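Shared between the two complexes below is subunit A, which has subunit B as its partner in the first and subunit C in the second.
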Partner chain A sequence: MEIGPYIMLASLEGAVTAAVLALTACGLSLVFGVMRVVNIAHGEFFMLGAVIAWWVAQGIAGHPALGFAAALVVAPVVVGAVAVAADVTILRHLDYDPERTIVATIGLLYIIQQLTLMTYGPEARPVQAPFSTRIALPWLEHGPEGWQVIWPWGLGTTTYKLAVIGAAVAVLLGVWALMARTRIGLLMRATQMDREMALAFAIPVERVYALVFGLGAGLAALAAVLIVPIQQAHYLMGGDPLLLSFVVVIIGGLGSLPGTVLAAVLIGLSDGIISVFFSPTLAKILATLLVGLVLVFRPQGLFGVRAP
Partner chain B sequence: MLELDAVSAGYGRAQVLRQVSLRVAAGEILCLLGRNGAGKTTAMKAIMGLLPLMGGAVRLDGIEVSRLPAHHVPKAGIGYVPQGRRLFAGLTVAQNLEIGLRAGGADATTLEEVLALFPRLGDRFRQRAQTLSGGEQQMLATARALCLRPRALLLDEPTEGLQPSMIEAIRDVIIRMRAAGVAVLMVEQRVDAVLPVADRVTFLETGCVTETLPAETLRADHGIVERYIGV
Partner chain C sequence: MSRRARILALHGGLLAVLFAAQFVLPAYHHGNLARIMVLASYALGYNLLFGYTGLLSLGHALFFAAGMYGMALSMQHLEAAPAPALLAGLAAGIAVSALLGLLALRTAGVAFMIVTLMFAQAGHLTILYFGEWTRGDEGFVIAATRRVLWGIDLADPVSRYFAAWGLFAVCLLSTLWLVRRPFGKVLIAIRENEERVRMLGYDPFLHKLGALVVSGTMSAAAGAVYGLLFGYAGATFASVQYSIFPLLWVLLGGAGTVLGPFVGTLFMFYLIDLASGVTTAYMLIAGVVLVALTLFAPQGLMGEVRRRLWGWLP
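Then we have the complex of A and B:
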């Protein structure tokens, strides 16, 4: 087989990574953009989403799609509620001070992680996909009778992976519409631009913050529910999404949602392709190197705006 | 009437205002005059609840607004035009005004009235605030505050860095607000910027009120100003 089908396969895998990463990173970017809080516990919200998805899917009998659909709703809501509680009880009392919130969210990371280990245990457990039909993909080849369609062995994907990409795109469009088209989005953007003036114009900043923190965590949880039929739930699974989310958010420009999505596609696709042809470790090395280069040559990120 | 009663405030542990007392009656323009660092902007922020008070109280028509959380202060009827305008730069003119309208619970007729005061903003309605000229931005900042139908209006150096025609336009609106019964508290550094409109002038020096005089007296004798602020 030539190299073409391999690249296509790697891009498809990369697109799934990119989709999930875009959701996770958007949550991180939203929290940083509006609240100026660097949330180190973001990866644990992701993990919590996956673990809750397993609990829910486990608890509901019948067709796996039922359990999965319930998890899709329950996990983001529960994780969002945990995040709101963390905001109200911890971050608010630190006055959202940038340094102290970093330390506080590191603490939150360990609390969530260890509580999960104590209750859920150290095993990795799968959630069954609601549907997963294999689709073989065609390839064009120049043979003796001219161009012809062939079906290379191993070139294929599943309906579920395509659905993950579709769902991520739909949710991202939803987030965009929320920010750009609704009143609460307007209040969030105003708070992001000038917190003090938001207060001076009657915007309940504390409530906006709690909502944004919950929304950010909910997005991470949703991403995790989508990926858990492919990857399994495990109490240490939050590390990679956290690292990659930071990579994406820094490259895209802190607080810029379009930049975040574009960077997620870039990093996700290159991660998929490099992982297939070389090794996943090399993919992470290159992504981190790219962050270093961006920080040196364009500190505001590719799409960020330099602070005035 | 807007009333500051022995207000002390500052940043962290650094006290800036010491026992500042002021009264601005409805339909009056009081100007707060003082040098850089005298505490003028701090006084504005203290009124808006953006700084915690170390002592004293701020009242509007008898209601103690200094006991309210910061985001309820504008709802009580205080409009704030901050120094440097501080618009929501990435939002459009329309969205900036919408936030003001929402803050005061006002409706579309208020918006029409405000746009009638500043017709230029109507032409720029869908433009982002950051693309406006300096004068237009000052108009927008003022309009945003007027959108909440304030009973007290705080203006922090509203004519700073504007060309004369713009200064005139802003001044006109301030005078109209006085006629409509709004209590106007204005902060300025330059005395010639306030004398044409002020009713009374309060001098602020290192966080203390040193004197309050009718503007008439100052217009008659410029020497007094030099004595108080040494410019």
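Then we have the complex of A and C:
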């Protein structure tokens, strides 16, 4: 294949990565923005979503779409409930102190991961996609007879991958509407701006925190359910989404949702394209260094505005 | 007894007991204790930064690995003898911690934690990337015949125990000395209130950098000695897990106490040792202990001892 179709294929794959990453990172960003809690266990909520999707898909007989649709509902709700329970039993008692909550979420990471290892086991297991029709894509080439349309071998995508992108866009719009247009979103934003003042206005801050922590984890789980027919469910799969979410949230500016989505698209696309030319390890080294250096030299994020 | 005499008696006593223990311990625990003393030296280094200066690093595996690979790579590829190889490990630790300090100390709080985590992750990935020399996750073995320092065979259990004890004694006594010096007092003051320290005319940045370099060097020394004594270097020692371990040990033993790191390492080592006999998911113990400590005992074991019994504990 020539370089042109290659890049097009890489950016199509990158768009799927970007869509899933945007959802996961949005959850992390929401939790950090409203609660000022850095949730190291976020990747494990992602993993838990994928594993629960596998359980649900196994449990439901019939057409694979049925099991997948059930997983799409069950996994985020269950993971959200786990997160709310963790918030009520652990984070609330730490008074949301930033450093102590980080240590506690590291503990939570190992608890969730190792409990999954004990129950689900070390195997990687796939979930069948509800639908997956292959679409071949055309490419323009300048030949001896002028411009002509060719169908390069291997250039294509599946309907499922396009559906993932569509679903992610829809969910992100939903999150935006929730934050900007509803009463509960107003309460969240008020809590984010000034916790003390929100308390003074009788906003139930603790309940808002529990809700936000559950919502953030639910978003990660939803992203995992979407990706699990393409990847496989495995108890160690939480590491990469956590790292990439950190990259995205920090580059997009901590706690800013539009910045997060923009950065997710940028990182997702470039990750796809960079992995074509360089080794994935080198791409990860560059990404981690970028996060560290951005935090050191431009803590408001690449797209953020410095607070006055 | 005066305060000074008590402190000397307690810490000297611990070292004497550890020295004597090797004559009575069965072989299995003998080997374990040697390992624990090297890891406790790593924890002592971590404690200096976290417990005394109040800087929570999530990337100390970078220093441990810098020492280990500085030593192991120079033995493997430059045919260096153990003594210069150990010095190479120390030099790598100093260089890496100074560089990281200059960058990461521009941030504070949560940002400092993430920056250290990211740079350590980059370090781990770099070791994997240069797998041709480092052999990546698989690691490489340093032959027992080459691990002879000044005529002492470090592969032999008895001399290995002595070497581990020596490293631990140096780290313990230098921590004890350092935190009772004016430099150490300024570090504690920075932990309590950095602005006030600045107002009193001290330079917090230079003190924090000093603490980070001493802490990183101690961790690198532990890494280099660990590689030399147990004859193996692998990328696992640079992974996030090895950044979390010293945090766990120090939190369990008591941050900001000189004895805490050893106590925490001892308990956690045997806890994980017992758990791994029962299940492969032994890191569950680490998670549960981390959560329980932050919830119920942020002071750790020796912190509780200081609060309830011995207020004079350094």
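A few remarks follow.
Here is the rule we go by: the second predicted complex is superposed on the first by the 299 of 308 C-alpha atoms of A that agree within 3 Å, B and C clash if a C-alpha of one lies under 4 Å from a C-alpha of the other, contacts with A are read in each partner's own complex, and residues count from 1 in each chain.
Just so we're on the same page, a residue touches a chain if its C-beta (ideal position, glycine included) is under 8 Å from a C-beta of that chain, and two chains touch if they have at least 3 such contacts.
On a predicted model such as this, the values are computed, not experimentally measured, just so you know.
In the superposition on chain A, A:107 makes contact with subunit C only, while subunit B stays out of contact range. Once the two complexes are overlaid on the shared chain, A:205 sits against subunit B while remaining clear of subunit C. By the touch criterion defined above, A:190 lies against subunit B but remains apart from subunit C after alignment on the C-alpha atoms of chain A. Once the two complexes are laid over each other on the shared chain, residue contacts for A:136 go to neither subunit B nor subunit C. In the superposed pair of complexes, A:288 makes contact with subunit C only, with no contact to subunit B. Annotation for subunit A, partner touching more residues between subunit B and subunit C: C. In the superposition on chain A, contact of A:65 is made with neither subunit B nor subunit C.
By the touch criterion defined above, A:177 lies against neither subunit B nor subunit C after alignment on the C-alpha atoms of chain A.
Put simply, subunit C touches subunit A in their complex at residues 56, 58, 103-104, 106-107, 109-111, 113-115, 118-119, 121-122, 125-126, 128-129, 244, 247, 251, 279-284, 286-295, 298.
Touching subunit A in their complex are the following residues of subunit B: 45, 48-50, 70-75, 80, 82, 86-91, 95, 98-100, 102-104, 144, 148.
Taken in their complex, subunit A has these residues touching subunit B: 183, 186-187, 189-190, 193-194, 196-205. Interface residues of subunit A, counted against subunit C in their complex, comprise 38, 90, 93-94, 98-100, 102-104, 106-111, 113-115, 117-118, 122, 243, 246, 250, 279, 281-282, 284-285, 288-289, 291-293, 295-297, 299.
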